[in-house]
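Every chain is named by a letter (A, B, C and D) in the order it is written, and numbering of its residues begins at 1.
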């Protein structure tokens, strides 16, 4: 499987993501520079976490305009799987490839800690490694993860099964506390209509090594790789 | 001489504004009891390098649409000076 | 050149009569304004170490693994496999008091540059923070601003902030301490230094443009606050972590090639100290054309350009022909790049502006004849020891709850959860333990990192305090199974012109020296921050130790969380019930008197080596060193970390209960093991005092079958204070 | 009826504005070649719950001094509406 990871100036989790893919596929993903307007044929394109262009103005706003995004928009429309993690999710919403927007966390503070996620839909290439309703533990590390969209959009996401993950407690229950960043309807990650694009705030790539305090992210990458092979 | 654009970017009504809310709470804590709603937006000031008001406004409009405001959550207003 | 400066002008620049006379003698004329600015910056406490150097020189700085000790941007230690660890700690105290967010953020930016300027990729940040009394009106604002600033910079640039410390004391009301430590990794054969060579070589400026930021930050950082701290405000700089991230990647990319002769970040006193230090170390001259310096604002004078402390800038000396490659790399990263001068053999600093010579100073005396002061000092009379039996009996469990809920011992989760401590994917042990553990991929080795100081000990007895800070650092690294390698240090003190303060510095350094020697734990870098004093109110003497240790195998590192029902709890080290200058005395009896615990360095070494050996032998399930709050606090912290309880059946011997549970005797560890017999036997063989004091059991702490308290109740108390305090921000 | 304050908080001249700088670069990359300096500030709008202009302005002033602007690096301007 050939995966590519886009590197924007200010990206800082591209290596974390590459390591997770390598663990799952045995081969190194290639890195794509934000300035590239052509990119090779790829089975998957990932947008990593970080602070692209410093996240100045709005998180992901400037990255959404970089040359590589034109091509990514085309690939997304053509059905190529696109994964946006954290800052990558913010870039995808700013680029209009995913609906909604990400506001500052309710606390107005950066949050770095493990969270519990409930898998809402396991019938996709990204989530087929999990059971629907299952609860996984992965870290978050963001300041602006407070997902928002208008009511119709939120209803549509829910009706069409386009919500990928929700913040929950250890038992899978939804609550104010579990929804630490204030996201609408506890949403942690969403798909586009054709489910070939996923954006999520948490970092499954940082939960793929027993030595680093968790492996619940492994099934994410193994499932994805399996589905694409 | 060059025209300057003063652009106000505001969260749309109904979009919750954690920053504004926090400022409101802080003002109450400081004893400003009567303070009602507080909203925080952005003030962006740009040297347009353009002397024709028509073209200046039109350029500022495009900047807002393309980059400065996110139509999903924000409105904008342009003043030239 | 502009007109000659007067003594009055010199005084405004913080130069004494004598220093001004010396400068004039060096030039053998009175300096002009630009030259005066340069002398005052280079001869400031911050750059010249004129009050501390004599004492710093006494610190041990060598060892078999040491590649580079003090004198460069950061210290370097060999960790095998051709890899080296590069680290340094630095203060940004005054700027952070004036503008907490930007002051702390630019402090992080500065220490990052000190590390990557040597060719290392930064892999970890730590901080050491001291604030005033929690109920002082400024404290909450300062705390939240500083924490947000450290996170704002480190999170953005993508270097995990994995540890640190945070304490409160009224002595810091007018002068907070914000120390930041950076740790990087480099190939041992690809280290970059700041020594200029090759007359004719190009001097190149890279990074951000120069603005009127922080003009005289260096001299300000060396001047005692008056009531007018506010007036000093305009010198505060704003950090741009995004530009620093580009600068980091660009520098490392260029360093992979052969273009660079020497490189130096522009820190305190910006272009002045970087150009003078580089030329000075090479015994050469340097000529700069200031009209070529990229500036942010029109009409900047030579004085402003030389003294600006704009952030995210570097100065490099390139090999002949290296320019094109360098220009290509920096333009790719959208950074400014300008050849601003040449290395010369004149031995002089020559500055041109608008075609005329704006300043000309011989470099050797500027550096070599910097003032050096043997300031008078006086030692304080040693505090009296405290007899524990003179203190009232109290319910230990009630005292424990109060201690765990006090500002100094409360959980600092609310701080480190605002730091990205996971980015780069190598964080084996997260904040909250004795030391953070960072994997060195791919070799599978790991570094253990911690910052430590106990200012209340240093105030009561500077020498013991200095010794204890080093010993606690060494202990913290040993407690996770690491071999302590070396330290960096940041000496935060008041006004050295006062003999009592100077006595604190001299005493602390003497104590550090003894401990470093005994523990084979040399000093490879550091920083001194003096004049942390407002209206004669000095901070507690605070010599912060940043320790770095090595584990051959990251998987062997252990943490402090209790793991298994039925495991034995073994107390290693001797318990004498020392309560002088303890947290118990302060929080429970509201007394700050007494001598701090003595430090038996031989016992530290013996006990620490033993514990580390047992960890590496696989006999230890969890381990925690004993420090603030003594045995019961340490046990509670282990219980909360593992969410398990314990039953304690230890006899307190002839000690009063409070002395046994809360005494702060040094050289002690609490260890969980499934093999108590073999561990105790090994301890006996090694002549290390060790005894079984209890068993991992249930979900509560139980003392002699009575006074039980649930671990979740303790955790709630321990988490509550800071969370509640910061929520009101 | 209650008076509303519109407060502009700007970085002082000469203080580095990384955001403004980045916005300027982005606008250039989008083809707005003539754009000169860009500065980003804050727009804070507050329901003062106060009907007397005198007292309203005086309250807004105090809010800026005590909370909204950081005198170390920022200036502020108040408009009542």
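The definition used in the following text is that a contact is a pair of C-beta atoms (placed from the backbone, for glycine too) under 8 Å apart; a residue touches a chain by one contact, two chains touch by 3 or more.
Computed from a predicted model, the values in this text were never measured in an experiment.
Engineer: Sort out for me whether A-D or C-D is joined by the greater number of C-beta contact pairs.
Structural biologist: C-D
Engineer: With chain centres defined as C-alpha means, what is the inter-centre distance between chain A and chain C in Å?
Structural biologist: 36
Engineer: Report the inter-chain centroid distance for chain B and chain C in whole angstrom, where each centroid is the mean of the CA atoms.
Structural biologist: Centre separation, chain B to chain C: 41 Å.
Engineer: What parts of chain C, by residue number, touch at least two of the other chains?
Structural biologist: 240, 242-243, 334
Engineer: Hey, what residues on chain A touch two or more of the other chains?
Structural biologist: In chain A, the residues touching two or more other chains are 53-54, 56-57, 61-62, 65.
Engineer: Please output the residue numbers of chain B that touch at least 2 other chains, ranges allowed.
Structural biologist: Counting only residues that touch two or more other chains, chain B contributes 66-68.
Engineer: Let me know each pair of chains that touch one another.
Structural biologist: Chain-chain contacts present: A-B, A-C, A-D, B-D, C-D.
Engineer: Which of the residues in chain A come into contact with chain C in the complex?
Structural biologist: Listed in rising order, the residues are 9-10, 12-13, 15-16, 19, 49-51, 53-56, 109-113, 139, 141, 143, 203, 205-206, 209, 211-213.
Engineer: Show which residues of chain C lie in contact with chain A when the two form their complex.
Structural biologist: Its residues touching chain A are 148, 151-152, 155-158, 240-243, 245-246, 333-334, 416-428, 430, 439, 554-555.
Engineer: Under the touch definition given earlier, write down the residues of chain D that touch chain C in their complex.
Structural biologist: 11, 14-18, 21-22, 25, 70-73
Engineer: Mind listing the chain D positions that touch chain B in their complex?
Structural biologist: 2, 8-10, 20, 23-24, 26-27, 30, 32, 34-50, 59, 62-63, 66-68
Engineer: Using the touch definition up top, name the residues of chain C that touch chain D in the complex.
Structural biologist: Touching chain D from chain C are residues 98-99, 102, 208, 211-213, 230, 233-234, 236-240, 242-243, 296-297, 310-311, 334.
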